[in-house]
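What follows is a structure written as structure tokens; I'll ask about it next.
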Amino acid sequence: MSETGWPPNEIKLLLLDVDGTLTDGGLYFTGEGQAMKRFDVHDGLGLVRLQRAGVEVVLISADRSPIIHMRAQKLGIRAVIDGCQDKGQAVRMLLEERELDTSVALYMGDDITDLEAMAEVGHSAAPASAVATVREAADYVTTCEGGHGAVREVCDLIMSRLGEQ
Amino acid sequence: MSETGWPPNEIKLLLLDVDGTLTDGGLYFTGEGQAMKRFDVHDGLGLVRLQRAGVEVVLISADRSPIIHMRAQKLGIRAVIDGCQDKGQAVRMLLEERELDTSVALYMGDDITDLEAMAEVGHSAAPASAVATVREAADYVTTCEGGHGAVREVCDLIMSRLGEQ
Amino acid sequence: MSETGWPPNEIKLLLLDVDGTLTDGGLYFTGEGQAMKRFDVHDGLGLVRLQRAGVEVVLISADRSPIIHMRAQKLGIRAVIDGCQDKGQAVRMLLEERELDTSVALYMGDDITDLEAMAEVGHSAAPASAVATVREAADYVTTCEGGHGAVREVCDLIMSRLGEQ
Amino acid sequence: MSETGWPPNEIKLLLLDVDGTLTDGGLYFTGEGQAMKRFDVHDGLGLVRLQRAGVEVVLISADRSPIIHMRAQKLGIRAVIDGCQDKGQAVRMLLEERELDTSVALYMGDDITDLEAMAEVGHSAAPASAVATVREAADYVTTCEGGHGAVREVCDLIMSRLGEQ
């Protein structure tokens, strides 16, 4: 079990915001619009291992972008909700569809548009780089910043709770 | 109201420098010239919310680049002045056109070419990463650096002053 | 000889992980997939000089990407193993092919998929930015982070041991 | 005059290394090779003002890349030496051609390939992020890192010495 003792439950569903959580919040624009996001290799390995251990991962973003789908595909993540204007509702629907209790779901986000979704699940996390309100609302704040291992940190805690290394 | 008590007035117009203020000052060049700028997702949400609350946002840059227009469009910012060689004059004209008092206008910039514009309005701010002269001249220096939440910090202070959260 | 006294042997083969070791772990995605990795100019010079001094350099990555081959080509590195799912086995085969003793081989990596390869050679290093398990397993942890001079630091130590500056 | 009292002479020629000095040392590679370098807007303004004040700026790089020429063009820098394998010789030739004394020339670089060039001129500077040997050899080490205002810092010191602000 994790040294931190968190999360207290076994997690079956990890819900992740994208910009600022899976990335460092950077939006790279060219003259044609947003061209790139920067993801983290440590986060990627954590998510691949988590899915192999039976935990489903879902990406939920307000941004509508093929970039998110490309990263999801690379990591074997099938469920991606982009262009999402109401993350709270999206999370409620996901839990209903999967007939999962909130106690096995964990949401991680970094800005105020994530607050409602965080309240819909049993466990919430925020990267060290989240805005103050979100850090205060989260059950767990990672040592790492978004796009620099914050998601990996949560993946490892979930794995540790599952008794895997 | 804001804990800092700043800005002391309700702001109706936020004037923003781009490179070093809305970005971290990085200019990404390819063999064809400048290709990208890196913007920040936290800044973006702050600016969207500020406009919804009735504050107009204007981008003023010495750089002439379609990148600035693409970012503005994404954020719903209609007024963009690029290729601007005299930011002081640009600010004076904007205030005249809008028939606004300097007391409701706030300018944020990070380099010496912003100093004159800062002096034309009632309130001025600079990111922590601004050059020393500009930090000294500014009414308020943000904790965050440019391209890493500096603009969001100012947006939140303006919102707080408006009585919004 | 090196001030640190490490590595204790003369090294003839330097085996390097790519993402997080030769880069800062950033994966830049566009709507078409992974488009870029960011390498470091100090690392590059260190690797060019090391090869001139007679040390062979091999890149070993789980990622299958033409980006790795382009960087290798620029640095005159001929041996590149990408899309590698078992780095331990890859290292064993490399040592066999070259008929080299493990005592002249050094592996540098930053994540748990590098652990087995690290155990196959006489000397192992990890960047300061490696995950905790890897930092604990490594013989030497650099002061610099991956993509910010970590590889250069190891190159300079190997050169120093060879009596070159 | 500068508070630091450095440089002690009026400078007429500023010679600049590119990667790690005018950039943070990052080399962005795609599957087609090196695609981008990241420059700094503060450095840019410093170099434009310095040239207006009558100081010539020359870029000297071991890398052969159109990226360097694009950045130079944007800043109005006419003299660019790329693909340079012997920076010491390049500097000697530049001084001869211009019939300038070494006492009015300043070289700024960050790696050991810059050491010979630094020794050819009267004044040398290195960014805080330079390798140790170069920091020790330089007359002046900037507070800022390469690609994050190191060049601007030197520009401002030269300007200050010229009696300009």
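First chain written, first letter: the chains are A, B, C and D, and each begins at residue 1.
The criterion applied here is as follows: a contact is a pair of C-beta atoms (placed from the backbone, for glycine too) under 8 Å apart; a residue touches a chain by one contact, two chains touch by 3 or more.
Being a predicted model, the structure only gives us computed values, none of them experimental.
A.B. asks: Using CA atoms for the superposition, what rotation angle relates chain A to chain B, in steps of 5 degrees?
C.D. replies: Rounded to 5 degrees, the superposing rotation is 90 degrees.
A.B. asks: Report same or different for the chain A and chain C interface, where same means the shared residue numbers exceed half of all residue numbers found there.
C.D. replies: Mostly different residues form this interface, as fewer than half of the numbers used are common to both chains.
A.B. asks: On a C-alpha centroid basis, what's the spacing between chain C and chain D, in Å?
C.D. replies: 30
A.B. asks: In whole angstrom, what separates the CA-based centres of chain A and chain D?
C.D. replies: Averaging C-alpha atoms per chain gives centres 43 Å apart.
A.B. asks: Which chain B residues reach two or more other chains?
C.D. replies: 28, 35-36
A.B. asks: Quick one: label the inter-chain contact graph as line, ring, star, complete or other.
C.D. replies: It is a ring, because the chains touch in a row that closes back on itself.
A.B. asks: So which chains actually touch one another? I want all the pairs, not just one.
C.D. replies: Between chains, contact exists in these pairs: A-B, A-C, B-D, C-D.
A.B. asks: Quick one: which bits of chain B touch chain D in the complex? Just the residue numbers, please.
C.D. replies: Interface residues on chain B, with respect to chain D: 19-20, 23, 25-36, 110-113, 131.
A.B. asks: Mind pulling up the chain B residues that touch chain A in the complex?
C.D. replies: Those in contact with chain A are residues 28, 35-42, 44-45, 65-67, 70-71, 73-74, 147-149, 152.
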